[in-house]
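Two complexes, one shared chain (subunit A), two partners (subunit B, subunit C).
For the complex of A and B:
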């Protein structure tokens, strides 16, 4: 899209030779590096990166594609740079937002004050399929519901970051944040060391220690001694399996599957070669619906019968807590500014993307009218599926979505097509601007919120495309947050 | 350690060992097949390879013939044959992938690379030169795997379970190889060096990569009863039954130390080792080599069951 803000050049156009005067200060070192590296060298580096990722086995399974059960997510070797000041603002805004998300969960499953105050329509919560009735009245250890949250941000101009989506269930992608940095250090040590001279790239590798500390801080009251933490994965064929094993490895905890676990007398145990061992905290990367066949889907083989009883007996903490889907629901999203005001008493620091709620008749009429310029999303869709990008849709697609909207308006929201910021990206024709988003990871433990300075930058590799989802051909970049005093 | 992980490690060890054995078996067979039929070569060599891999029934059912192309494909690349090198490596890599947390980066990379390299050879029949290259590639990759495991893996349950699987599989392979050829190992009064079976014996030594080892140990020309002695009772020979059992006893002992107490598998393995230590090659021949090997294979299987039982696989 013409006129999008470029994070390296602002509004200046890309030319064969970068004009140093046009480069924003935070990108100076990267621009010098790009100017000094020949296209052949950059291409070689890109091939090295791919080889490296394949060797260490970072692959991504794409559902419904039999030929590519293991595929690489393309990695772009030009890092994205965020200044210390920009990050300070993001950090404050993310902390505020996650505090509000957590308070909202506690309230919905507790006193429901925000419903009585009319901040969110009652029926939208109480009739929401994401609301977990089994959790009503439940109080998790330390009052924490959303232990790990991924907030998807987009930037539209130098000063404006907007929240596109909250991910408060089992957000993934953090392993790419960590591995992308590793690869970057190997591929371009000269660039990294130049940046060091200029103030330093803040490290991200402490994330796994922070995560483990967060998980241990919310051990249940029934735990004795040092809490035992385990990571529950759906198994080898899950698209994020690599990440699960990576995190378990870095934290030094067991990577368990449902079949490794059993509940006895409301206590969770794992089967080990030395007999049963008690588990106190379960960092689960399995959806609510599959966690406990006695309560949720009876056909699930991924969970553990009796798990919910162990939680309610105070013998087990499940992170994130069961039922947090109510907080990141796309239908609830548009009420987030009000939710933030209600629970934190302050104006939201990070804006929401303006959203039409198709359940409201006037909004629906406007959306139907302006559809070719909007993005329409299904409230229960994810990963870029069930979504319509108006400006890129054919007449038939627009028609089909109009019919669906009229039939079930409550299942859809619509947003304007934003001029997402772009970052310099290595493409076949050279270096070109491509649209990006950012997913930072926010940790919440019994002692408060910690955010690792960085995140996952996803980049839409197709020219002009806004779809950054890895399941639809998006790539990733290393994300550098500069230390204070840096450029 | 999770019991599932222990089982995965144990089978990872077994699959890698089986793939390695198949490589060596095929290599030796290619050599043997180059000899005239009167020396045991030509197509007889390929039939013999199928029997040494203990997959005769499956091979017959597949409707193939004992030719280099058919046997080579069946044992190396056939994705539908669970006993092919390709299938073994695929299962080994799947096990390793589900265990990424237990393996060091280099150990994982080695097995992953082996699998990626093998995939470049496709799944169709190959010409003999390509087959040779494939075997060489796989052997090198598996050496890298063993080396990475040996150098970098912590000496704890992870390593012991993997090695345990390797040793148990190795004992099984050696015993089956011997049993298939037991009739040519029986002592006879024949002119040494001129026997028809001479190339069979050296082929067998080659399969277990012991051609040079034999000369070192016996400093003698190849004699069948000494081949049997080497592969059953010589602890110096890493693929001999007795060496495998020394290893198995050691690994089980280490695991028992971590777990706190030895179990039935420890006692079975020790009894097996003591039986081998108390016997001589003459006694084995008097008792009947074939009978001895059949009993050994059964006992080895029973030990595998006892291990699974003991560690709740």
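For the complex of A and C:
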């Protein structure tokens, strides 16, 4: 899109030779590196990166793609750089947002004051498929619902970051944040060491220690001694299985499947070679609906019968808590500015993307009228599925979406197409600007919020594309947050 | 009216089954229309039986069996005094907001046919509307124990035009919610005085009506719940209020045998403690 802010060059155009004067201060080292590296060297590095990812097996499955059950997410070797000042603002905004998301969960499953105050329409919450009615009246250990949240941010100009989406259920992608850094250290040691000398790329590898500390901090009242934490995965066929095994390995905890676990006398146990071992905290990467066949989907083999009893008896903490989907629901999203004001008493630091709620007739009329310029999303869709990007849609696609909107307006929201910022990216024709987003990971434990300085940068590799989802051809980049001494 | 309930569920497994965990919603709560004098659950195998209250306020238990078992018998028996309150349900804990009971579940989704049925019963008077709905379901869906199964949804049962009490209750619930009326599923027992010994497992629906609160409608019999009804558990649908939901490891094929008997007996005069029940039925 014309006029998009480029994080290296601002509004200057890309040329064959980078003009050092046009490069924003935070990108000086990267620009010098790019200027000194031959195209052949960059191409070699890119191939090496791909080999590295293949060797460690970091692949993901694409649902509904019969040709490729396992695919490599392309890695772009040009890092994205965020200054200390920019990060300070993001950190403050992310902390505020996650505090509000957690307070919203606690309130919705507790006193429901925000519904009485009219901050969010009552029926949108109480009738929302994401609301877990079994959790009404429940208070998790430490009052924490959203232990791990991934907030998808986009940048539209040097000063403006907007939240595109909250992910408060089982957000994934953090293993890419960690692996991308390792790959950068191996492939471009000269660049990384220069940056480290000059002021410091802040480390991200502390994430797994922080995650484990967060999980232990919310051990239930029934836990005795050092809390035992395990990671529950749906198994090998899940698209994020690599990440599950990676995180369990780094944290030094057991990676378990439903069949490895059982509940007896309201306590969760895992089978080990040394006999059953009590589990106090379960970091689950399995959706709510599959967690306990005695309460949720009876056909689920991924969960554990009696799990909810263990939780409600105060013997087990499940992270994230069951029912947090109500907070990141796309229909709730548009109410987030009001939710933040209500629970934090302050104006939102990070803006929401303006959103039309198609359930409201005036909004629907406007969306139908302006559809070619808008992005239309299904409230119960994810990963870029069930989504229409107006400017790139054919007349036929637009027509089909108009019919769907008229039939079920409450299932859709619409947003303007944003001029997402671009970052220099290595493509077949050389170095070119490509649109990016950012997913930082926010941890909330009994003692508050911690955010590792970094996140997953996703890049739309196709020229002009805004769709960064890995299931739709997006790639990733290493994301550098500079220390206060850095540029 | 004084009712004796005897509910026996027998599971037999082809091979011993391990890790049996069951959620039991088998225990009625006293409220203004019923007073539970005595109630017990006996389980035939060793294990842990723990009481809890679920989100709806139902008295529930979880049972964890020790070791592997090839036969499991759950025997529930008790004694309840019922009063006819013309279907009005009061004196129940109600921890959930009424709007929760407007939610749609897979078993209670209203398809076009159920929506049409609901629309045909619209009435400015909510009480009249509820009765019209109940009677419409009663007339349109014939009782037939052989066509549906426990996981049949309301729309399928309505299309078949036949089903059991569970199906009729879920059709009524789907239609009532379509009209904006909070509605929920009730599992319980039915023991009319004119049939002294009969299969008594039953299900009906409760609708929240302005000014009256929850009112119990039994579309199978086309009446409001009365003295013959013992209310045990409520939920959004039959799966949510299910008397027993269980899981196990191994065990192979399972055979299930359920017998529920309800018996109306002569009430003792007020103030006299319940005695050994007589076999006589009374009006």
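Criterion: the second predicted complex is superposed on the first by the 487 of 487 C-alpha atoms of A that agree within 3 Å, B and C clash if a C-alpha of one lies under 4 Å from a C-alpha of the other, contacts with A are read in each partner's own complex, and residues count from 1 in each chain.
Heads up, the rule we're going with is that a contact is a pair of C-beta atoms (placed from the backbone, for glycine too) under 8 Å apart; a residue touches a chain by one contact, two chains touch by 3 or more.
These figures come from a predicted structure and were not determined experimentally.
Once chain A of one complex is fitted onto chain A of the other, the partner contacts of A:429 are absent, as it touches neither subunit B nor subunit C. Once the two complexes are laid over each other on the shared chain, residue contacts for A:394 go to neither subunit B nor subunit C.
Of the two partner chains placed around the shared chain by superposition, subunit C is the only one that A:112 touches, whereas subunit B remains out of contact. Contacts of A:245 after superposition on the shared chain: subunit B is touched, whereas subunit C is not. Of the two partner chains placed by superposition, only subunit C is touched by A:293; subunit B is not.
Looking at the shared chain after the overlay, A:403 reaches neither subunit B nor subunit C.
In the superposed model, A:38 lies in contact with neither subunit B nor subunit C. Overlap of the subunit B and subunit C interfaces on subunit A: none, as no residue is touched by both. Those residues of subunit C that touch subunit A in the shared complex are 19, 21-23, 48, 50, 52, 54-55, 62, 64, 95-97, 99-100, 102-104, 236, 239, 245-247. On subunit A, the positions that touch subunit B within their shared complex are 54-57, 235-236, 242, 245-246, 248-249, 254-257, 259-260, 270-274.
Subunit B meets subunit A in the complex at residues 1-4, 6, 94, 97-98, 100-101, 105, 108-109, 112-113, 116, 157, 255, 258-260, 311-312. Within the complex, the subunit A residues that touch subunit C are 112, 122-123, 126-127, 131, 133-137, 262-266, 293-295, 298, 305-306, 309, 312-313.
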